[in-house]
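One chain, chain A, appears in both complexes that follow, with chain B as partner in the first and chain C in the second.
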Partner chain A sequence: MNAEYWLDTATEKIRFRPDRKAVRRELQDHLEDRMEAGKAKGLSPYEAEEAATAAMGDPVALAEELARVHSPWWGRLWRLSQWALAIAVLVTVSSAVPRLREYLQYEMYDPPFPFSVEEGSYTREFYTGYAKEITVPEAWDIGGSVDLGHYRFTVSGAWVEEWTVSGEDPYPVRQLVITLRASTWRFWEPLNGSQFMILDHMPSDSGGNTYGYDVDTAPGEDEPLSLFCETFQRGATTWLRVELNQTRDMDSWSVPDWVDIPVGCGGDILRVDLSKGVIS
Partner chain B sequence: MARGDRSALPGGTAMLVLALLQEREMYGYEIIEELEKRSDQVFQMKEGTLYPVLHSLEKEKLVTARDQEAPSGRKRRYYRVTAAGLQALEAKKEEWQVYARAVTAILTNA
Partner chain C sequence: MAQRHRRRFLRNLFLVLIFSLILWYAEGCPLPTQEMELHRWERQRLAPESTVVWSYQGRQGNDRDMLVGVSPDYVHAYAENYRLTLWPRSGDTATLVVLPDRTRYQDKASSYLDPALVAVDPPPQAESARLFLDFSLRYAGTTEEADPAALTRVPAPTYTLEGDRQEGAFFFQLQRQYRHLGGENPTEEEQLLTGREDDIMAFLELEEPRWLSFSYVLTFYDSDGDLLETVTSP
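And then the complex of A and B:
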């Protein structure tokens, strides 16, 4: 009989695993001593193995004997602990399933806005099926990153958009778009949209403009320009699209050198420097 | 008496094992070799059956075991008889003497 098979069979009824391993090792030592003795007498390795296992006796009967000696109580406790572990794993996994489904649901959606675009033009499609042709006269690559808390902020894209609002009295629209990306290794705590959105603090730029919600679409000199934000989250990453309306001077408009964007509830300010192409 | 003990001898294998261990500590394979050598091959047990006997003796604290590396480099489990083990051995010897006398008495009178 194969020595490994003999050992497995003889010890298989010992339920407490550490015991089983120790007994197996002891029996294995014995078998090996016996095999070496056989080989010393001129047996081939195969013959020595056969002779050694035969001398040890019936492993099935021995398994019963060993199981009787090695108290089943440790074995039962051991089994019990294994069951407890299995149940704990099951509970953990099943409670994680709803979270996982949430994640997968996000995976199903396409982002509602592009994270970056090239100079030229692109077509933006909305969930409603409405599509808008947008001209992009200028786009920038912004490098660098800023760490706030356990979130890392980078700029996915920055560009200028122009299109015409159609209707009875069509008028041109121009806005500066900056898409920020916040990611975290703490996948269970992605930055949520309401944390990301700028609420109490107003963005501003190098040209002295400020931007706010619910402002006049044709503001006066000292009034804030209009601002619009959208967020999208996938996994541990959240994107924020900031639209900064530039409709005050359609003819004499020039791109600001930088824009300060407050993020998070604390109003930490990220400076997106368009002239240097870096976030800080 | 050890629960693993199924020998026809009163005291059986356990008694013989204790008697051998009385002299020095040994590991399983050594015990088997000694048994064979000293009994002139009369006691030829299946070698595996030694271990349930040893383990139940250990459980009853009649022997203690320790792992030690043998000169060959292999790790071995050495058994040593305890004070309680020596007492048990005396009791088993006693049983054996009673048994042997009874058998002898019947055989010589027959």
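And then the complex of A and C:
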């Protein structure tokens, strides 16, 4: 039987073309080896070909067996997955990479405020190029954590700041700063980074003081003291810097034992206990 | 050979999943439905999860999908990827909320985008509702605030809106009524009202529950037109 005809017949039922080609090449190698062996024994090329094809067996029966062994489905799935991967790479490179590059550049920025400081002094630099010399007469290590939803809240730092507001009539200012850290494993939903997570509420303390954002003037008796909040996000972590009682009247306010800080829209309250050094 | 194809297929599938995850993250981790997005916004704000009672599908691309949901103490008003506002929920009467984005409506041959409001928890037998809005408070100065009677002298837009029952809530579309006021020579008051209406239409969607700039009277009627409930602004 003609070798080409034998090979075509033996492989014609393999439906996945790359497999058909690969099996045909392999069978062809076997056939050529047999033909060479026949020629070496003194057979003519025609006789060697006939002997080789006869020795390889019935191509029709072999075709049935090869078709059974070489199911096309895995091959087709593999081909499909090659296309899917090519499209995924193309879309990711053209769309996601520029966004991620921009995102990573943002991630490289230094946070706009320190998460914790030690007693002493430090210089805080602002994006506008303005810098402020700040004295830290007291700082605390606050341990523990509180889980609200799937966010874990800890205290990165708590300290008192004092500085002087410059100008024609400079005056000293003192405030309590507490930096809260909220982290989660659900990287697709970090805690909302809006200042109003804190500013929409009124923290209170063990001294009976309350703190509010809408206070523009120096507080009178029984009125809320001032409240401000800055936030920073990196990945799935959000920091909230809470500033309490930015007051000029340094002698009339003392550091409380604890501060209750309402956070978010669900009525949750975090108690930062400075005297015990724990958040609850 | 089949085994080799299977290995390669699984490897490619794994790589496709990795790239898809990168793409999903780069696109801001979008979720498949607006309701899932609403619940994510709620979780990120430590708000309770709401049950959706009303929905709006944006049309023509520049008005957002919106959802209104209820939790035990709040009514949640959400505009797709834009805002979530929580309104204190009245325990035993209906609650009126201002939607956080504008909705589209037809007026003669044109379509407009203007603010809208939704009343949730209406009386079960309510077939119709009416909403009266008075914006005098928004434009009253300090002296007028001290003297309620003076509010009646403040030229400010008022609106009477018929509610449209949708999905168990009542929807009220605010429409301009001073648009063509006064013809070619409007009076000073007409100009003032038109200007104030422009202001209301531009900023009402930013309204916050704590600082309502208007007063309202919301009434519900049964199928016979009998009054069922009246709700007034706090």
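In this section, the second predicted complex is superposed on the first by the 166 of 280 C-alpha atoms of A that agree within 3 Å, B and C clash if a C-alpha of one lies under 4 Å from a C-alpha of the other, contacts with A are read in each partner's own complex, and residues count from 1 in each chain.
Here is the rule we use: a contact is a pair of C-beta atoms (placed from the backbone, for glycine too) under 8 Å apart; a residue touches a chain by one contact, two chains touch by 3 or more.
Everything numeric here is computed off the predicted structure, so don't read it as measured data.
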item	value
Which of chain B and chain C A:D268 touches, first, second, both or neither	second
Which of chain B and chain C A:A55 touches, first, second, both or neither	first
Touched partner set for A:H70, first chain B, second chain C, both or neither	both
Touched partner set for A:G149, first chain B, second chain C, both or neither	second
Touching partner for A:E26 - first (chain B), second (chain C), both, neither	first
Touching partner for A:L191 - first (chain B), second (chain C), both, neither	second
Per-residue contact with chain A, leading partner among chain C and chain B	C
Which superposed partner A:V177 touches (first chain B, second chain C, both, neither)	neither
Partner chain(s) touched by A:L100 [first = chain B, second = chain C, both, neither]	second
Partner chain(s) touched by A:L244 [first = chain B, second = chain C, both, neither]	neither
On chain A, positions contacted by chain B and by chain C	23, 69-71
Of all residues in chain B, those that touch chain A in their complex	3-4, 27-29, 32, 46-49, 51-52, 55-56, 59, 74-77
Chain A - residues contacting chain C, complex	19, 22-23, 69-71, 74-75, 77-78, 81-82, 84-85, 88-89, 91-92, 95-97, 99-100, 103, 148-151, 187-192, 197, 263-266, 268
Residues of chain C that touch chain A when the two form their complex	1-2, 5-6, 8-9, 12-13, 15-16, 19-20, 22-23, 25-27, 29, 40-48, 74, 86
In the complex, chain A residues that touch chain B	10, 23, 25-27, 29-30, 32-34, 55-59, 62, 65-66, 68-71
